[in-house]
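Structure in structure tokens, see below.
Going in written order, the chains are labelled A, B, C, D and E, and every chain counts its residues from 1.
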Amino acid sequence: MTDALLSVRNLRVEFPTRRGILTAIDDVSFDIMPGEVLGVVGESGAGKSLTGAAIIGLLEPPGRIAGGEILLKGQRIDNLDAESMRRIRGKRIGMVFQDPLTSLNPLYTVAQQLIETIRTHMDLSDAEARRRAIALLDRVGIPAAARRIDDYPHHFSGGMRQRVVIALALCAEPELVIADEPTTALDVSVQSQIIDLIKEICAERGAAVMLITHDMGVIAETADRVAVLYAGRLAEIGPVREVITAAEHPYTSGLMGSIPTLTQDNARLVQIPGAMPRLNAIPQGCAFNPRCERAFDRCFRDRPDPIERGDGRKVACWLYDAASVATKEKADV
Amino acid sequence: ETLRWARVADALTLDPHSQNEGPTSTLLHHIYETLVGRATDGSLQPRLATEWMISAEDPTVWVFKLREGVKFHDGSDFTAEDVVFSLDRARAESSGFKALHSAVESVSMVDDYTVHVKMTGPSPLYVQNLTNTFVMDKGWAEANDVVLPQNFAAGEENFAVRNTNGTGPYTLVSRDPEVRTVMAAFADHWDTAPAVTEIIYTPIAEAATRVAALLSGEVDVVQDVPVQDIARLQQTDGIKIATGPENRNIFFSYDMTSDKLISANVDDNPFKKPEVREALSLVIDRDAIQQVVMRGQSQPTAAPLPPFVNGWTAEMSAYGKPDYERAAALVAEAGYPDGFSIDLHCPNDRYLNDEAICQALVGMLGRAKINANLVSQSRSLHFPLIEKWETDFYLLGWGVPTFDSAYIFNFLVHSREDSYGSYNGSRYSNPDLDAKIEQLATLTDLAARDALIAEIWGKVMEDRVFLSVHNQMLAYAMKDSINLDVHPENQPKMTTVTFGN
Amino acid sequence: MNRLARMWDSDIAWSFRHSPVAIVASVVALIIIMGAVLAPWIAPFNPFDSASLNLMDGFTPPGVPNQFTGNSYLMGTDNQGRDIFSTILYGARISLFVGFAAVVFSMVLGIGLGLLAGWRGGWVDSLLMRIADVQLSFPSILIALLIFGVARGFIPPTMREEVAIWVLIVSIGLSDWVQYARVVRGAAMVEKSKEYVQAARVIGVHPTRIVLRHILPNVMGPVLVIATIGLALAIIAEATLSFLGVGVPPTQPSLGTLIRIGQQYLFSGEWWIILFPSIALLLLALSVNLLGDWLRDALNPRLR
Amino acid sequence: MSDALLKIDHLTRYFDVSKPWLNRVLEREEKQYLTAVADVSFEIKRGETFALVGESGSGKSTIAKMVVGLLGASEGTIAFDGHRMTGTAGAEMRELRRRFQMIFQDPFASLNPRWRVGDIIAEPIHTFGLLKGADVSNRVGELLDTVGLSAKDAEKFPHEFSGGQRQRIAIARALSSKPEFIVCDEPTSALDVSVQAQILNLMKDLQDEMGLTYLFISHDLSVVRHMANRIGVLYLGRLVEVADGKRLFTDPQHPYTRMLLDAVPDLALSGRRRKPVEGEIPNPINPPPGCAFHPRCPLAMPRCKVDAPLAVATATGYAACFALDQKTA
Amino acid sequence: MLAYIIRRILQSVLVMLVVALVSFALFRYVGDPINSMVGQETTIADREALRELLGLNDPFLTQFATFIGRAVQGDFGISYRLQQPVMELILSRLPATLELALVSGVLAFVFGVGFGVYTALRRNGWLSNTIMTVSLIGVSLPTFLIGVLLIWVFAVELQWLPSFGRGDTVQIGNWTTGLLTPSGRASLVLPAITLGLYQMTLIMRLVRAEMLEVLRTDYIKFARARGLSNRAVHFGHALKNTMVPVITITGLQLGSIIAFAIITETVFQWPGVGALFINSVRFVDVPVMAAYLMLIALVFVIINLIVDLLYYVVDPRLRVDRAATRH
């Protein structure tokens, strides 16, 4: 698996707090292939954003990477010094945040922010950078880009701003774009435009995308593969179609069932009882065990590692560990 | 040699007849001159007048013989015409010196160097009033439209406020009010050339800063040295202190006449009772005030007048040890077994340690069950209280520019009427004394006059109109190499400075 | 018990326990405050009782017997023979009283007007904020000077001494209310639009009750921070005003007045008159300021 | 009397968003108004769930606030159970107030952080003077039980709960005055899907048990479909289509409804090719003339730029579009 | 914009009227000017006459009206104390105060912003903790004490710097400046520090607090994510956004610097308007007091206006929204 663009290996992110160390991401591994769209889903607080921040080296202190490694094209980037990491940010890994309203500095024009970024990473003159910036704006669908480039962010609407943000993330042709809930703050009707835009542009430039969202629908339409996080752990990862239509982890299937759809009629939604545990109260064994209807003794004892299910699919659940199931059945009898 | 001289406040104006005020006169003495001057021992000295006498023919006329060959800074000659003009100007409505010349009927020129001043009656002491009345050049004044002193109603500035033309030993080089005034020796001055050829005069209001300026060598002479710093400065290398008594007495006084007081918690007037007044005199510990508050820099005295003043006697100054028990007993005897309480008004920016003196008295009064509330405030609030009779008990300092007791009687003892008694805050009123005081003004027989003064003082002391604390002392601090004596009116003249030890 | 345990366990308490600066500052502040409050019981002398003073004790150096009376004082005496240590305790009492009262005064005024402006909005808000602008555009010591001057005219001279301290409090307080008003107004406008306030409005809770029970407690955080810093500032302001000659009577000196008196003896060798009160004032103001600093950080969830 | 519990007639709300007076004078500008809700009429029958959907800024919350009396209406009327809400005051209004309640979007902002949960829930009880003394805490306990929490939680503070639990508390508060009608303004949009399912289920259960009537506001069509009997679609403050729940999704009449449906990502991986959505919602201060939707409308005709379409009856409701006229014509 | 300025000006006129009114209500309580205007020999009748002449016996509203009437024509009368036209007096003293205020303001601003940024960026470093604590001393001691202490150390003990006054000045037109002479500059050091210390502390804490806020905003995170250098992020993005509130406070501070100059000027015998004012209070020089207060009000008004205009420069969101309706 050396051809992966990005590999995250046994990533562990910790927050030392007054009540001890919180492990916000625990032993998460996944790969992103060049040009691939990896969806990352999970409930709020599952660790999606932290994973993104860890990759791009922007964990806010006191958060820190406590274990594992992150490789970009086989080169370790989790232990780089600040300056080298800075060169990777924007240049090789771009990032789009959730809220376009606050992502842009209100005191600078769009041109200033674009040109600044371009010139940080590329050896271009001011005029060349500006030309490039206009072309980019044009590409992300801003009408009359040459004129509007000198406007301030507050002159743009929300959707337009997110387009500017995307232009900023893409302006140095990164190999990977991490999009952290890029549409949550936008209007329903605009959301699909933006998702389409990200997908299109990245495909066009061969950039891989790590799409963080809690909207399964977006993942279903956009991603090639999907990783499901639960309480800082990887629950399931695999090709989108399989995971959505035939979820294996009880959490994933619960999640799928609890989403109301436009087509199916069911009087009651499937509901997973309880809520995701807090980081300081993650139960022993499988983190999902208090909410899991199919949990058995082993689930309360040992933490499941992702089990290879073929087709690039992995599930972290003892139900798929033949030996455990066998002992369980024995006990049931 | 240049002398850098600092004191607490600047001259308010350069117009010689506008303000009768200490720092103003002190500065102006260097630029303008008076007919007669005052030596450091208080005696009169000839200045622009070489001789003065009461006319043999008419006891109401003063004759002044003027110095010849004196020139104004602009080169014009000094003559009797200028004196007549100046005395008239000093008598003008807008003059600050008007009151000192109120007995003058007319001034006339007899010849170029003789002037007659006709008084409304015999005025044996008139010449004593002249030590701060400066002489201006008539021609210059007329040319510059400053025939009269500054008039506020006119709403315009007077040329003489910032420009000078005197006969004095120094000419004005530059002046930035409240910042710096530079004067240079006047080459054509009639007297011997002074050792100080240039004076840089700087007011520094903050006491600490003033002392710091001397310590850091930024000034050479500091007037108005805070008493507490004297001992320390004396010990400082390269700095010496000249001290001497000032012609000013500091005393308390009280409303001893009204039937009821404004601030007392009793229905009558305790100060009206001789026992209470006696108690006060027993309560005050002048030695302690001298030792602690004044750091030894004062002359404790029971007499409300400094020794410079005609009429002073050693007996009057004598005072006893405080006796708190007796004082308390007297207060009780007067009908206040539980004591009484009263407001004590005090300035806090006028006299040396004025507020601290009052505070000390408050403590001492407390031991005789007199509970005084100290109200200490700025002079602009304090003095109107006395003038308007709005205080029961107050501190006042009184300087005597004429060096004669009559000046004290006129303002402080005489019942308040016309020009008399304006600072008589005690409301003391004794028609018999009033008549005697009026008599003093015209009495030319000096022996009889002195007897009368003694008689008046006898009554005033007996009635305990004043509770005197001390005579203020002055201290000038200067570089070791400078010699300057203390002037009893706090009007040092830099012409008297000598250098070297 | 349970409540105590919970308090001990709260974030604020935790952050307090882990901030040596805050602990030291609060211990120092507490010592001074206790000393001031208990002054009549712990001070060896009563410096405010003029009759008990012996002038001859004046200028006794610390720990050295007086040359006349032979009395000796821990921190020496001032120009009136007051024991500096006792005077600091009594003076701190006055300074603290003025400080606290001024803060309470400006706080009550500021919070009241701020809530009114924030809640009512519209022209009430505009009017109050314009007044605040005018007030802000005028420096606090000038305001204090003005008020002091005006009050002096209205108060009969005999009462001035008793009233002086209240005038001082009002003067300092009045120049400070704007800060509270602004912060409270801003916070109130934020809180007002929060849904819990709307929920209360939906069920028809009386506006006064909403303001007092819902909004007020939620805007107190920043107010508390301003108040601590304001306390230090008020104490200093009192000292500054006394330097300019308006303030408490010299027979009952505050720390500031004591320093003003001591300042006259800076060059004369009686260093203790200014030194000890200055240290006391510095310690007091510094510790209160540090506490305010700590509180600001501790109450700001985003800085944790 | 009809069985309509809530009847809204020609409801309109303007906001004055003008600049200060002096600026207007100097810059010669007119007063500016923002029409947040324009001429909206609908009815909600007892026991049903009426949903409002629309993009951000379409006026959903404004309607909700007018219904519960947080905002006054500029024009039009709201009648609750036959009582006109405007002009009603005093005891009558208090009684009306008790009968409707509201649940808000943000479970973090809708509970006063300094109050104990018990006090929060009891506030309506106290305000309406429904119960006294120990009865109050019993009732609070019951309510907490009803919404799936435990009576012991009354002692805690809101920050000790997760978002879903807080929303339950908010629901308990809404229920405490025994209302008949609850306005829910995006009650689950701040929640995770798994928790959203719990809340939606709870709300449905409560409705069944207590016969509640809901005005349910959301921008999530799939949630709306799950919850509502009838649905109104809002665009720039105007109600463009009202229809029965199922019908709206199977047979949308208004092009805007269709566009909204198209924008919903397809979870079923049916591979249907969606029509890309055009443009963004215009500035409500100067909405486009004629039909406000015409700049984004694939069916726009010249007439749409000039005239505002009137509502046309459809199978289960009505819609306002000229294209429908043509279809029916 | 124009509307804004007009509104400000109307507001300012109001402020100044209020200031004048309050001042006049107060003057009678400052004391009696007559006493310091005449010698002690002056009779009570003459004092009364002078009082009448100066209009001091008029009701204060009359005095106020007269004053405003004259002031509108630029006539502030003659100082009772120094017998010079008040306007001239104040104008001659103003350069000293403005120079002092400006220098200490600049000092306060430069060091305040510098330290503020430093302590924000190194939030837990020992140096920033030290700076934070030590700077508090600046607000924990009264200004006058700091001034006196500085004099003691630097003028008396070390004799490095002058203890009082303004040193030599150079006249440029109507402006006297001490900045052009060595002694003028040396004289400025201690007063400027005394005056600026307090403001510096405030600005520093403000910058730190704002900076910390700004540093955790999304656009800073996004700027980092774009790979911008720390310099660009901290100074280009964060600091500039910090400036809006800092400008307000600094502007207001400049106002109080001028007011606090009263104390500094007194301590250092600095020949500015503050010292003039204090002397005038002592002597109840009503014309000077009134003019000074009006002047201060005017200065504040101007500063406020400038501050507001600076906003427009710094924050584009406040500029006339040319594209408000464009999408």
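Structure notes:
Criterion: contacts are C-beta pairs under 8 Å (C-beta built on N, C-alpha and C of every residue); 3 or more make two chains touch, one makes a residue touch a chain.
By chain, with names taken from UniProt: A, D = ABC transporter ATP-binding protein; C, E = ABC transporter permease.
In this text the structure is predicted, and so the values were computed from the model without any measurement.
Path length between subunit A and subunit B in the chain contact graph, taken as the least number of steps between touching chains: 2. With chains reduced to the mean position of their C-alpha atoms, the one farthest from subunit A is B. More C-beta pairs touch across one of B-C and C-D than the other; that pair is B-C. For the pair subunit D and subunit E (ABC transporter permease), the distance between C-alpha centroids works out to 54 Å. Subunit C (ABC transporter permease) and subunit E (ABC transporter permease) have centres, each the mean of its CA atoms, that are 24 Å apart. The distance from the centre of subunit B to the centre of subunit D, with each centre set as the mean of the Cα atoms, comes to 89 Å.
Between the CA-based centres of subunit B and subunit E (ABC transporter permease) the separation comes to 39 Å, rounded to the whole angstrom. Shared contact sites, meaning residues of subunit C (ABC transporter permease) that touch two or more other chains, fall at 263, 266-267.
Shared interface positions of subunit E (ABC transporter permease), i.e. residues touching 2 or more other chains, are given as 30, 148, 152, 156, 216, 278, 281, 327. Residues of subunit A in contact with at least two other chains: 157, 160. Interface of subunit C (ABC transporter permease) with subunit E (ABC transporter permease) (complex): residues 21, 130, 133-134, 136-142, 145-146, 149-150, 152-153, 232-233, 236, 239-240, 243-244, 256, 259-260, 263, 266-267, 274, 278, 281-282, 284-286, 289-290, 293, 296, 302-303.
By the touch criterion given at the top, residues 207-208, 211-212, 215, 226, 228-229, 231-233, 262-263, 285, 288-289, 291-293, 343, 348-349, 355-356, 359-360, 362-367, 372-378, 390 of subunit B touch subunit C (ABC transporter permease) in their complex. Subunit D makes touch with subunit C (ABC transporter permease) in their complex at residues 65, 68-70, 93-94, 97-98, 101-102, 104-106, 109-114, 120, 123-124, 127-128, 170, 173, 177.
Within the complex, the subunit C (ABC transporter permease) residues that touch subunit D are 194-196, 198-205, 214, 217-218.
Contacts from subunit D toward subunit A in the complex involve residues 55-56, 162-165, 192-198, 200-201, 204, 219-223, 225-226, 249, 259-269, 274, 276-277, 280-281.
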